[in-house]
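Pasting the structures in now, so scroll down.
Same chain, two partners: subunit A is paired with subunit B first, then with subunit C.
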Partner chain A sequence: MAKFRERADFDASPSAPYEMLPWRFTLLDQESYVATNMAGEYVLMSRSEVAEFADGRLAPATPLYDELKSRHFLIDADTDVALDLLALKVRTKLAPLANFTGLHIFVTTLRCEHSCPYCQVSRANDDKREFDMTEETALKSLDLVFRSPSRALKIEFQGGESLLNLPLIKFVVLEAKRRNQAAGRDLAFVIATNLAVLDDDALEFARQHDILMSTSLDGPADLHNRNRPRPGKDSYERTVDGIRRARRALGHHSVGALMTTTAASLSSVRDIIDEYIRLDFGSIFLRPLSPYGFAMKTKFYQSYDQSKWLDFYFEGLDYIIELNLGGFEFIEQYAAMVLKKMLTPMQTSYVDLMSPAGIAIGAIVYNYDGAVYASDESRMLAEMDDKTFALGNVHDHEFAEIMLGDALLDPLEASFASSVPGCSWCAFEPWCGADPVFHHATQGDFVGKKPLSAFCTRNMEVFRGLISRMEASPDVRRLFERWANII
Partner chain B sequence: MITLRGRSIGFNAAAIERDSTILRLSSDERRPAPLKAREGYIHSHGDLPRGFGWYLLKSAEFIGQVPDGAPGAVLPQEFDYLGDGDVVRLEPARGGVRTLFRKASPYNHFMLTERCNNYCLMCSQPPRQIDDGWIVDEVLEALPLIDRGAAEIGFTGGEPTLLGSRFVQLVQATGSHLPKTALHVLSNGRLFAQGSLARDLAAVRHHDLMIGIPVYADLAHVHDHVVQADGAFDETIRGILALKQHGLRVEVRVVLQAQTIPRLTALARFLTRNLLFVDHVALMGLEITGFARANLDRIWIDPADYQAELAEAVGILDRAGMSVSIFNSQLCVLEPSLWPFARRSISDWKNEYMPECEGCEAKGMCGGFFSSAKYQYSRAIRPILSAAA
Partner chain C sequence: MTGDSVGAIVVDFPSTAFSAEAVKRAAYALMARYDVAIGGDADVIRCAIRPAHPTVDMATAERDLRREVVDHDLRISIEQRTSPYRDAILGLAFSKTGLQDG
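And then the complex of A and B:
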């Protein structure tokens, strides 16, 4: 039997200096820095460790050296397969770009019977049909939908109150399914609705065609009805009843709900979460208020600053974590999407956290009048007379003109986080998004000054908050690993 | 323990003159004549039918009944398990018999070569640098005789890929003769790194092929130390990437031993970040045979002492949606949370239980031990009794 050699005999690391692979570091707290590699894997380091590693002085065979080597922050004389693996991971993160535009939003009408002060789009309370999408516009929009390379196509109907134009929804669904017999895409439909005007006809149609329902639920009755006024002041009652009826017709998990945070919500995060649990939802998306549409006009957006929202968010997140550690499974979706980027090699399709930005290539909007917008927020800006992100019109422009026009390519290119000041050196960049629409809306620039950006402040704090929580508790890390792989 | 290899077999005079031969055994006297002539009659009772190429007897008292001029042999008692559909190799000149395939067993595998380009600390089949190319011929001859209903067969070594194009030929022959049988290959993956072998293997388009490849750590030198080969880690990882790139299925195999436990959770995380697309991860207890027995002092860690690491690693892999199993482990040592991942994986012919297992109510669900575990097993082995539960 030949002699067996010892482990040190196989470690060539000390024989030559290591080579750093691209990495970045950002302050986590008083003591430590978050360092990330190109694929968004992170290691926590002290200030002196950052300096040591950056200076090329980090000694092999130390725990930190092993971690950095394992996570592809460096290669050395011992191994360089990290290059193959890192390239593969970066490709995996970027690969979905080639199959662009999975979500196609059809604004079936601007009419709505609600008059929510935070509404992000104009609404028309009259019965005039001038704010309804026509079949002709729908057909032209569908031409564009099926030009997208994405294998999966989701068509989402929005408003106003989308169901007020049910005939058009039916028309689009039937026509899309007819075209898909030849196209063979993975085709899905969602109706975004307040459920207040949900009738049996709509439910039966949704059931027949496997259409999902997505509704708004802001929390307990008093909060929801205050946020979402309608004639009769019964928005909450109608929504809850609609959820019950839709679940019975379509299946429990075919109905989703989204909440909007207002100043009135800030003190009630537990009540809001409890409301979702009471209605047997498995998750909640604790959303920030966005600076568009009526929200801007009515100064709702300015009514609370980011730190108040962050307090609200983390109070809610900690409550949800506590529920999970006690054995009740419940997910906070924003955390789950961020954690997927932090803890897995996969990417999320959440438009706000995409870079290159998700505008038009993640989701695109066909307005009732045929105008094509780069995002839902873009059409809200347009309603406020800012047409920066108006990409064209289905009646006047070809697919190539819309997708390759300067109106889209300029903001995409300008805002790409890997190359903009403030982001390119940020350790959180692999997890973050570009969001040129937000920065244009708030700072008049696709990039914006990141220290002044609420988007930047908010996300950096969310990243830090998630990391501190999972670093402090192995149970929380295990919970987060589960979330990262569920969404 | 089942004996697969025997010597001092009592061959009759007609048999002594015969060359070595590979035979399918039959106990059915109604077999069509052309098949009978190529098959061995496996006899346990009653009169011997005529027309078979060979006669294998479980008792010497019938040797006189073997038809004139027909070769016959009396098998020792430990071969009593042989029956219809089994395949054996007879070597009259050496007085030998070897069981190549047992129809009743789900664990049939062929060792394709004893040569290897790794030299693992715990190798259960220590490699020999010899010219054993004849094995491929034997397997090619045996494959057509194997029962078409076999659920799975395995190729092991040594390192099968050292056979190069002949390895590909064997995979092709397996797919051709056994269109419903899964094929599991144990390889260290290194020779797939260049890509051409992976491409050729994929071109076979085998209907149900899995390549099991060991990865022992997230750090190259730790892996290289276990396999005693510089640069092996990089080649193995590149080999896995090449196989997956060509659409082949890969199982990552980790042996749980003193060298691998310290990086086990780091390895699990590494797999979820870098090799999420592999098809299965097997975490395997030691088999104390071959080098493992010689190196026992340096490789042994009591499974009772690595349950925390094992539970964390399984959790990381499972939460990431990877398919994960624990092989060669005993339920009484495993944390209850790990029971759903434990498989009864030890081949029946070397599977046993210990005296401590007496009265254990979980025995029917438990994987038990390699017969070689008598040299070393966990101090935590104890019967699981419902009264105690």
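And then the complex of A and C:
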């Protein structure tokens, strides 16, 4: 007679039925589906596996059952911690919401000496001082900055060309630091500049106050100068010289660069990436055009469609993957931000990938004239006479009026991805964002019809492309996991 | 055939097997390619499919719609069966955050 009962007698799970926890599925390709739980963890399943699992017919003690169980897609008699763990992960994802607003954009001036046809911002000639922010407006804006609950406050100076109003930048930095002696926030500053007018005075001030520089670099000289005309046709030369001088003064990693994709860029993604590598940047953000400002007036936005951008994007991404697998570390930032949402319980601060939308609670804009906008794109819309996302004016409105007004709460509530058609049943929703400004600009309402939305179709293809690549190669999976934890 | 369905591909779904919500969601999901007019009676949900643009290939339109409806019907079923867990998880996630009333 045996002393002990059989091992199976102690294992409740194989014979016990399971209960599904909330999950969603979306087609990955003709063969498989992506399934996600409430925290955005994903599992790939075939069509028959989707049906088996949903019907309660999935056999226990199989790899798929174990995978679904470990990722909190189901509970059975063997475990009762999935609900708590899932709730913890959901809570971690949502926690940053209470700490709004981290990024405060000061438009120091609309003046600019460039005349880029794709510019998202309406610009003024560089001798028109009426488009400069005044100290009075800056002081009122700072009142609002320090009302934000966020522990970390980043003030970014934008234009036009922000450095054309350097005195105002100096005034804001000194005043913000003075106020912060009492406020005790993690205070940081960024100057967004084309670097063409960068002088030693600005560099020395930036060095003294640990100010970061963010510039525009569209690629090699011919492409950059074609995209970014200025008197002298030397935008590229000035930008590269500015990057070199700023790095020398501020430190190598205190200078970042962003590129904009135009129709002229589409055949040159490797050249653009090579240019970033040649200039010793560790990453690139392959960005699409936005449907705002001069980009719309000059028909630049219509000059290529999403499929062409996606081809451009994936050619670039595959090239970057190839570089990494060959031993050269380099990051594509958009992929890294998406992967952070896919592979970790953390959120990204990138406004376009936030839901509730990042407008005003992720980043907020104080225009040169005191107008407060929900985002940089909202300001661009206002320049096109659409003031839907104008939240008030620093001279006329209090913090609560701006942050609790209908102009902000209505689009935030209406566009929340978990509750809108097309998103609420989409498996990619935990990774995606709500972009009421984009959908208002392109379709005339905060939600938009997702099947017709370039934002939706672009992101869905990016999600599918990232999953396909990491599922096809363990090396790519390891690379993507590294990116997800770096960015 | 109704006026709505002249020149269209007509697909019927038995009301006993599929929810109208699933058919509506499928029509929504396919709107970039097809215009789907939804009608019918107590027994049948009738869909008339037309191209959303002149360049749309209609060869797979019926299969696309049927597949989409089946998927959405399943999604709705999952939503309904997991709804109490969803509420419980969100309740747990938001507990002790100070974000709730009361």
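Observations on the structure shown:
We adopt the following convention: the second predicted complex is superposed on the first by the 473 of 487 C-alpha atoms of A that agree within 3 Å, B and C clash if a C-alpha of one lies under 4 Å from a C-alpha of the other, contacts with A are read in each partner's own complex, and residues count from 1 in each chain.
One rule holds for everything that comes next: a contact is a pair of C-beta atoms (placed from the backbone, for glycine too) under 8 Å apart; a residue touches a chain by one contact, two chains touch by 3 or more.
Please read all numbers here as calculations on a predicted model, not as lab measurements.
Shared-chain residue A:A98: touches subunit C; no touch with subunit B.
When the two structures are aligned on the shared chain, A:D84 is found in touch with subunit B and with subunit C.
By the touch criterion defined above, A:L139 reaches neither subunit B nor subunit C. By the document's definition of touching, neither partner reaches A:L250: not subunit B, not subunit C. Of the two partner chains, subunit C is the only one that A:A51 touches; subunit B does not reach it.
In the superposed pair of complexes, A:G422 makes contact with subunit C only, with no contact to subunit B. After overlaying the two complexes on the shared chain, residue contacts for A:E481 are found with subunit B alone; subunit C is out of touch.
In the superposed model, A:A188 lies in contact with neither subunit B nor subunit C. When the two complexes are laid over each other on chain A, subunit A has residues 84, 88 in contact with both subunit B and subunit C.
Interface residues of subunit C, counted against subunit A in their complex, comprise 25, 28-32, 71-72, 74-75, 77-79, 81-83, 85-86, 88-94, 97-99.
Residues of subunit B touching subunit A in their complex: 119, 121, 126, 218-222, 224-225, 228, 230, 233-234, 237-238, 241, 259, 266, 270, 272-274, 276, 291, 294-295, 298, 315-316, 319-321.
By the touch criterion given at the top, residues 19-25, 27, 38, 50-51, 54, 83-84, 86-88, 90-91, 94-95, 98, 421-422, 425, 449, 451-452, 457 of subunit A touch subunit C in their complex.
The residues of subunit A lying in touch with subunit B in their complex are 1-2, 4-7, 9-13, 39, 41, 66-67, 69-71, 78-81, 84-85, 88-89, 344-346, 478, 481-482, 485.
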